[in-house]
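Same chain, two partners: chain A is paired with chain B first, then with chain C.
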Partner chain A sequence: MSISTVQDGVSAVSAPGPTTVKADRQLHNRVGLLTVSPSVLALLVWMIVPLAMTIYFSLIRYNLLYPGDNEFVGLENYYFFLTDEGFVHGALNTLWLVGATLLISVVAGVLIAVLVDTPFWGRGIVRVMLISPFFIMPTVSALVWKNLLLHPVSGVFAAVWNFFGATPVDWFAEYPLQAIILIVSWQWVPFAVLLLMTAMQSLDQEQKEAARLDGAGPIAIFWHITLPHLTRPIAVVVMIETIFLLSIFAEIFTTTGGGPGYETTNLAYLIYSQALLQFDVGMASAGGLVAVVIANIAAFILIRMIGKNLTEKA
Partner chain B sequence: MADLTIRNLKKSFEDIDIIKGIDLDIKDHEFVVFVGPSGCGKSTLLRLIAGLEEVSSGTIHLDDRDITDVAPAKRDLAMVFQTYALYPHMTVRKNMSFALELAGADKAEINRKVDEAAQILELGHLLDRKPKALSGGQRQRVAIGRSIVRHPKIFLFDEPLSNLDAALRVQMRLELARLHHELKATMIYVTHDQVEAMTLADKVVVLNGGHIEQVGSPLELYHHPVNAFVAGFIGTPKMAFLKGKVEKADRAGVTVKLDCGPEYQLPLDGSRLKAGESVTFGMRPEHIEVTAADASPFKVTLDVTEHLGADTFCYVKAQNGETLTVRAGGDYAGRFGEQVGLTPDLAHCHLFDEKGRAVPKPGAPAKAA
Partner chain C sequence: MLTLKQSRRLQTVLIATLAWLVALAIFFPIFWMILTSFKTEIDAFATPPQLFFTPTLENYVHIDERSDYFHFAWNSVVISFGSTLAGMLLAVPAAYSMAFFETKRTKSTLLWMLSTKMLPPVGVLVPIYLLFKDAGLLDTKTGLVIIYTLINLPIMVWMVYTYFKEIPKDILEAARLDGATPAQEIYRVLLPIGKGGLASTVLLSLILCWNEAFWSLNLTASSAAPLTAMVASYSSPEGLFWAKLSAVSTLACAPILIFGWLSQKQLVRGLSFGAVK
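Right after this comes the complex of A and B.
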């Protein structure tokens, strides 16, 4: 913004042409800059202050159990965080959690969206019910899953297993990460369904009819017409869900507490445990910054991969 | 060969009858245009032929094959849609070859057919583009190309030119006419634009409210409309209709006294009319001459005049308030509110009885009966 203003100023001086127009535009730019700057400044402070504090904390020894012992330690916190046993687990679990949930929500989302696009009796209610899990608080849904559905004694799944004479599975002990993925997917499939369902409505019916005349059956229409039409909303789903899934916390906190061992500890939970279970704010800050870097790398890759798809004009 | 035979075709959507029993024969190489006001069922009829809608009752035969319940792709028909319906993520080449690929044709043949169609339509340099990089007219041509590669027995067009601007529409109209000639194809074309119908068609089918009102060549419809609806629908500006009463009618002629004053002797076969019957007198703007006020018994007041260069259209008001349009020469300079007289060319005038049926001209086939 400021660069373009300067350039405008330069050209206004050098160009002998209609200077009044240039001057006018320059004034316009300045007024724009002036009116926009308070909010930009506020946002900048909003972002910079916590970031600066985190960076500062990450460079000092800062343990809540030893107040006053706050000397500068350089990158020691980072070294200990990255070599911590939990870090590799946390990183891999984060990757698993994000990847699996994305896969499940995109595949299930596309199939459900296509399914509810065909008119049937009670479609409106079905659509609302499909979306509703998204509006339940993560803590609440995790508790519901933990105590009502997956509980090895009183859960619905256990009842089903018993009905067929099988031994009920203790999900959070035997398949902890898979159980978390199940809960998180249950929450995020509706989001994918919502986006893809609305996208389905903008699919040109004449295209489908043309394909029918061209000899395409339902499966060919899905592959050649519907799926290409959905690439853009799928890209949106992947980007938005990645951002939110990287920081999943409540579901883990309420169900497994990161365990058994490190099996369901992701980076967000690891940072929490450093800060508030081990009271090491310095190391947690270092972990937070590592997480920021990882999130930025993910965002960069996503935008390179998918962003082109979004900015391209329809 | 591509003879389409439709017998007693009906279609209803949830108790609302859209097509109310249609019989139609379409001959090989014919260019047939379905025309009618919106909601008359012309698009539905086309979609029934294409197989995109299910027939409620009746039959459709292509040559000797009953295609009433055949899947759309197996009917040997191709359709061009109003919005072109190109596949946006495929290149032009892929768009055109899609049907052939689905049918499992071999690659060399697909390429040959696509190149051939591209050459006919002058699309050769656009084959690697995506639809969004094409102009409206080019997209239209791709949509047509997509049909051509399949070598269908009949081409179906659903208002294909309505999304184009006026100049392009004229150009594409000419191209379609040329294409019809070159491909020697059978084409069915739906439009609400009667200029397209008149210029393109070998045979025009005028539809109204799910019925066929009249089938005939453009000039047949223009000169011998069977009823007031067809007469009013074909021709621009619209034919003027004036109320009147029969004074005297016999086989040799009809004398009509119009409510707005004048009395005319028409060379029509009035054997079915009785004296005193109410009738509608119809005359086209181009068959009326504007004269001085005292030179004619038919006196009117000039309302608005529109100068189009070659012609001037005068909107005039008769003494009893009925309005009509008259075509005058390009240099005609009438003033607003001026009194003028009108002299219709009685040989080209039409008379419709109480039910709107045309009174036949002597010697003309009495189709209305």
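Right after this comes the complex of A and C.
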């Protein structure tokens, strides 16, 4: 049922005398406001208080190693953060990490969701296995991948490489960022599969059958029926995964510590290392605000692109 | 030449084989982790890695001696359920308001809520740390419950909102004509109808809380530390003890993994975020 017909139905129902309508409307608005305000207030406080403190810290000299020396320094912290070698690396790595993981999880997610859509023997177990990585905590998946799978001497990948007579690769030394992308993708592909699998269930089978009878091949059906049906779920996947991928932290913390050099340092990790490893709260706060601005630009672009998809009914 | 029926069957066999191979590949790391947790340290480090070995429980015994698993697990349970409950108490009324008392600002409010989720947590780590220190919330379960409730709230509001939007408004209208208060409308009408969707929201929130690893690593030391922190404590100095690391990881993931397996049907049905009609 489409929402607009429901709304029409409601306005048709509630059309008694003009005075009760006005009183009703007032009560209506008050209930609406009262029920939404706890969440809005909680999030407002959650956003404004720390943000105001961060802005304040970013304008003073504030190093935990030198207590008491909290002079106002203006935009100095921003200058140092933005010209720091780590910033460019951090920004680019964040972009790579988010972009590559999104691409991998959408493409793999769609293919897998289509693959498991037709019934076959053991599909229930296959589904459970496919979504399992989503239940694994990031610290665990990072450690398992690093030590048990990608380890250059005793890892499973090394054994496979040896089996085919190739030299095992030291992933975290030679392709550190790609290794992180692999781990993060392993965690987030299942989420895409989960959402897209849900979406596939509502695909009109008769439409597919009709297209097949008209002589459309599987690829044509995929492009013209399946993919358009998945546009909105894909938008949701992109939206939610971006939110989580922008602040990837535990995977880097437990595997590379941002290294070698700055090769796997994203903005989240860069700010963390400034605040808690170099104790420079002032600069970390400036960095935090830069990250907030970048995240908001990303949010703005995303919402412009797909926000319509999320709140409006087709 | 194959008949149509035969080619269909061949196709199904091919699809099934491919699907099984993909699923096994994706599941392999978890399988391998569990397998390694039953190896001795020597077997765990052997090259090439061994598929067949004499299983041992010594790693689990060691963990039991070294750290109090049930202490961490209990913290994880309390924090996850506590913040999921708090989140639902805030999110359900908010979603009710957005779905049934729509105003011009509803959509922008929803998008604003989601945008708070885009703030990188590191950006506000230091202020939160200092505020928590002053309030005595550092290393407390209450502290983490507050944080987790706030970071998951936008997604919960959004999810519940999409489920409520699918409920025809005349049903509420009918309840209202019978004299139901808003609380009764939610409790008597919306919760029973939206049960499935709300269950999915609860599941997702529990999974996200259980696995959250930024705030739990930075705001807890020992007394309120959940399982994510316990795993991290095994990672750095003991990098070479992989069998023990696997055992501790298996223990940390087992509850939520089993929980997820049991509830996956509900998750697959409910996680649509209003994207499917």
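In the analysis below, the second predicted complex is superposed on the first by the 269 of 314 C-alpha atoms of A that agree within 3 Å, B and C clash if a C-alpha of one lies under 4 Å from a C-alpha of the other, contacts with A are read in each partner's own complex, and residues count from 1 in each chain.
Just so we're on the same page, a contact is a pair of C-beta atoms (placed from the backbone, for glycine too) under 8 Å apart; a residue touches a chain by one contact, two chains touch by 3 or more.
Keep in mind that what you see is a predicted model, and the values were worked out from it rather than measured.
On the superposed chain A, the two partners chain B and chain C both fit, without a clash. Judged by the touch definition given at the top, the superposed model places A:59 against neither chain B nor chain C. Contacts of A:150 after superposition: neither chain B nor chain C is touched. By the touch criterion stated above, A:128 is placed in contact with chain C alone, chain B being left untouched. Applying the stated contact rule after C-alpha superposition, one finds that A:182 touches neither chain B nor chain C. In the superposed model, A:216 makes contact with chain B only, not with chain C. Once the two complexes are laid over each other on the shared chain, residue contacts for A:228 go to chain B alone; chain C is not touched. Touched residues of chain A, counted separately for chain B and chain C, are more numerous for C.
In the superposition on chain A, contact of A:104 is made with neither chain B nor chain C.
With chain A fitted onto itself, chain B and chain C come no nearer than 6 Å, counting C-alpha atoms only. On chain A, the patch touched by chain B and the patch touched by chain C overlap at residues 313-314. Residue ranges of chain B in contact with chain A, taken from their complex: 50-52, 72-74, 77-79, 81-83, 85-89, 98-99, 102-103, 132, 146, 150.
Those residues of chain A whose C-beta lies close enough to touch chain C in the complex are 1, 3, 6-7, 9-10, 13-14, 28-29, 31-36, 38-40, 42-43, 46-47, 49-51, 53-54, 57, 112, 115-116, 118, 120-123, 125-141, 143-145, 147-149, 153-156, 158-159, 162-163, 186, 189-190, 194-195, 197-199, 201-202, 232-233, 235-236, 239-240, 242-243, 246-247, 249-250, 253-254, 267-269, 271-272, 275-276, 281, 284-285, 287-289, 291-292, 295-296, 298-299, 303, 307, 309-311, 313-314.
Here chain C touches chain A in the complex through residues 12, 15-16, 18-20, 22-24, 26-30, 32-33, 36, 44-49, 90-91, 93-94, 96-98, 100-101, 103, 107, 109-111, 113-128, 130-131, 149-150, 153-155, 157-158, 165, 168-170, 173, 182, 207, 210-211, 213-214, 217-218, 227-228, 231-232, 235, 239, 242, 245-246, 249, 252-253, 256-257, 259-261, 264, 267-277, going by the rule given at the top. By the touch rule above, chain A contacts chain B in their complex via residues 204, 206-207, 209-216, 220, 224-225, 228-229, 231, 313-314.
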